[in-house]
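Following this line, the structures themselves.
Presented sequentially are two complexes of subunit A, the first with subunit B as partner and the second with subunit C.
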Partner chain A sequence: MIALPPIGFVGLSGALLAVGIFGILTRRNFVLLLISIEVAMNAAILDFVYFAAYAPGTANGLSGQSIAVVLVGFAATEVAVGLAIVLALYRVKGTINVAEATDLKL
Partner chain B sequence: MNLPELAFVALAATAVVTAVGALLVRELVHTIMWIAVFFVDLAAIYFLLEAPFLGVLQLGVYAGAVTVLLLLGIMVTRKRIFSREAATGIGPAALALALLAFVFVVTAVGEFPNAAQPIHSYDPAALSQNLFGANGAWLLLLGLVMLVSVAGAIYLVREGRE
Partner chain C sequence: MTILTGLFGVAFLVPLLSVAAFAIVGLAGGRLARLEWGGWVAVALAGAAMVLGVLIGVGEMLSPGKYTDVRYTWFHLAPAPGAFPNGFSLVVGTLVDPLSALMLIVVTVVGFLVMLYSIGYMHQDRGLPRYYAELSLFLASMTGLVLADNLLEFFLFWELVGVCSYFLIGFYYEKPSAASAAKEAFLVTRVGDVMFLLGVFLFFAHYATTGPAGGWAANGFVFANGTAPYLPVASAGHSTLLTVAGLMILGGAAGKSAQFPLHVWLPDAMEGPTTVSALIHAATMVAAGVYLLAVTSVFLGFTPIDQLAIVAVGGFTAFFAATMAVVHPDIKRVIAYSTISQLGYMVLAVGAGFTMVGLYHLFTHAFFKALLFLAAGSVIHAVGTQNLFKMGGLRKPMRLTAAAFAIGGLSLAGIPPFAGFWSKDDILASVYSTLGSHPEYWPFFLLAFAAVFLTAYYIFRAWFLAFSGEHPRDPAIAHAHEGPWVMQVPLVVLSAFAVAAGLFVYIPGFAGLLVHGTNIPPHLSVTDLALSGASVGLGALGILLAWQLWGNGRVYVLAADSSLQSIRSVLLNRYYMKIAYDWVGSRAVYSVARAADFVDRYVIDGTIRGFERAFAGASDRLRRVQSGVVSDYAAYFVGGMIVVFALLLIVAPYLLARFGGG
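This part shows the complex of A and B:
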């Protein structure tokens, strides 16, 4: 049986969340935006998996892993819809630069 | 430092480096390569955490499906696949907000006991019972969201839509 301290995992997920937020705020390409969102979501999933180990064998411990499974499904769905938006955006604008998708601006 | 801790440090460093690399390289195809390594690396961390089902799911869904979908998205939206992105600088405000998020998450560590927590393995059968029993509602919600998003995606990319 292995033992790992929480600081490493929370630090890693915090760092991944920071990278994701940074990417969401600075990248203008829609695919890069999607990737940034995925990195941030993976930070959350990592936390769910790690803290499931805090209540091993109980319903709470298993719930952490169950929610992680559901989150992976949500993330995959989000990428599928994101790709559909990429294709629709490219068809209308001829580019996937989100800075040019300003049709709804007042 | 024992072997699992050493493995974790190596995997964590690789995860951060590949995530940053994916966002900083200017060729989008290289970004996908970096992010594929990132997903495989996270799967290895799940295996280290004695969560083999999630590790396999991560490999199949993220490293497999999501990577290929993103690659397809790049393939169909550019004339030359290996073309470079225009450089988008590093905004100080974005960097500050990212650092703030990091500090915010890391300060939560104080709430938990500092000692290393032993990681227990679990029975995948118990996980599936939990997933289809106590957390069945989440799974149903996921199914519903997937159904609606498939309908939405088909609506968005259907022929003859301007």
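This part shows the complex of A and C:
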């Protein structure tokens, strides 16, 4: 039903993942870090959706789409927790720079 | 008589009595203040040991040539494949035979007398419990050594007397010279001890499986087998192994008996109390070396090359040590050199094959040399110095001591009828009788013969310097007086021995002890009488010269430009041998030690420290990986992920293609 070639979709989700990881590795701002994580995660969700549509008619097709929905819920939850941590960090440290939040190391 | 021989079975009590004294005084000495800090306890137990020891000695005299071996097998290892076919045993036990009986009398009698004398001599010293405990331990070890029935047990007690000697030389350990003398004695005798142990191994290598009853391995190095010597003496043979073993034994004996070239420690050992010098470094322990040679020659045998070496060492030392005694200003050291010289005579006799003649001289020497030391101790106790040139005129306030020293001196000089004459004359006559078949003994016989003159001279030089004249040369010691009775009694008893011990040979039983199983010296032939006359003449000449130079309080001063000055300086410096040994120690040995230290410090420790540093550095770097920054962790995570993918997608397919095959 959708006629996008597989290589395009896999390339798209790979590019999203690369952008997300680049953001995770380079951003020092906690909020931007969270956004980068969302981008990387959406690459995975996109894969689920695409592969479910790519092989329709099999029982797996539906399960891929439902997992994508669940993952969207997870991502929302994760952002809620992450933003709560950002607020708590800001209260304690007065900054949301992750390079300064190193108190948990041994 | 049967009662006495019955005592042979309990001979082990002799050392045990002294062990008891050691334990009591050592543990409770501090609380025995009323008994002179345990001195009387030690004296009483030494007295008991003496009674037992002398009774055993007399018992042996009454049953000449009897061997009584009381043995207890300490442990026995069953034969294992490829090991000794009859198993391996270690035994402990006591052996009463003519040799040990004679030594037992000497050790216990002199030990008791010195112990008694100590009560007076050591009266003002601190550390008395230590002194009596160590002296008792020494007596225990020495009697144990004498009674040992196998070579290993002998070696054990040999080391024990060595360590007691070390303790007692260093008795005044707060004095640096005493501490260093103790160390020196220990180290020098250790050279001999190592050789002795090598000798034991070599003899064991030869007799381990050959010999009666399955050889030494099964019988624990024993000397005697039941009632007879373990090996027939003639079995020694001429093998190179036995020759080397005998030379090693000679080395051990030379260390203990202070024979050239291991003699350097004995004069320095005079740093200990004079009583210790009398007992350990004159009468008993230093004689252990001679006793070792005697035991070896009776039970194991020496080869002709060994004998020549022993004769050479003994004869040379007899003369060599006497020369150093001639010039020394210290009364104790003069007697110490004299001891070395006299031990040389004994070694000479044993080497020439006259074991019992050597032991006979050991017997008489123990008494007159202990007498000389105790008399010297009496003088030192009275005047507080050992320098002969400060003394003088002491015969007036100290008549007994002067007489005792004179008797000891006459005995040492070999003037008849004193004890030393008989035994020294026996040695000279015995060795002379072998010269026909062993012309190579000539030079050593002549050296020993010449030493007679020096002996007489140096001992009477000491006597005249100390006792003749009107008053002491040092006014500070004008008020000398005799010691208490406990010091006088041993002098009297030992004087009696020094006069009469030579006549003991006319006691039938005693003669039986001496002639057993050994060559008998020729007696009362014309050459023997001429030889005696010559040696007595030499001795008298020496005394005369001493009187000429030092008599009546004269002090003979050698002219400063005299050609003899250089000789005197060589003698006073002990032929520079001590300096040479120190040089060897400080340069040769020290540089080896430095090299070893370098290897230890930089090569071995360096390797270990290198590893340690490498790991510490690596872990320090690795520690920094944990920065606490989330982004860093994410980076590691991503890196790891890339590695995993690389493995899965590149390495794994490659490996499968390369090795998968099937």
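The rule we apply is simple: the second predicted complex is superposed on the first by the 101 of 106 C-alpha atoms of A that agree within 3 Å, B and C clash if a C-alpha of one lies under 4 Å from a C-alpha of the other, contacts with A are read in each partner's own complex, and residues count from 1 in each chain.
Keep in mind that, in the parts below, a residue touches a chain if its C-beta (ideal position, glycine included) is under 8 Å from a C-beta of that chain, and two chains touch if they have at least 3 such contacts.
For clarity, every value in this text was computed on a predicted model and none was experimentally measured.
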item	value
Combined model on subunit A: subunit C and subunit B, fit or clash	fit
Which of subunit B and subunit C A:Ile96 touches, first, second, both or neither	first
First, second, both or neither for A:Leu25, with subunit B first and subunit C second	both
Touching partner for A:Ser66 - first (subunit B), second (subunit C), both, neither	first
Subunit A residues touched - subunit C or subunit B, whichever exceeds	B
Which of subunit B and subunit C A:Leu104 touches, first, second, both or neither	second
Minimum C-alpha separation between subunit B and subunit C after superposing on chain A, in Å	7
Common interface residues of subunit A - those touching subunit B in one complex and subunit C in the other	21, 25-28
Residues of subunit A touching subunit B in the complex	1-8, 10-23, 25-29, 31-32, 34-36, 38-39, 42, 45-46, 49-50, 52-54, 56-57, 59, 61-63, 65-70, 72-81, 83-88, 90-92, 96
Subunit A residues touching subunit C - in the complex, by the definition given at the top	21, 24-28, 33, 98-99, 101-106
Touching residues on subunit C, where the partner in the complex is subunit A	626-631, 634-635, 638
Touch list for subunit B against partner subunit A, complex	2, 4-5, 8-9, 12, 15-16, 19-20, 22-23, 28, 31, 35, 38-39, 42, 45-46, 48-51, 53-54, 57-58, 61-62, 65-66, 69-70, 72-74, 76-77, 85, 88-91, 93-95, 97-99, 101-106, 108-109, 112-120, 122, 126-127, 130-131, 134-135, 138-139, 141-142, 145-146, 149-150, 152-154, 156-157, 161-162
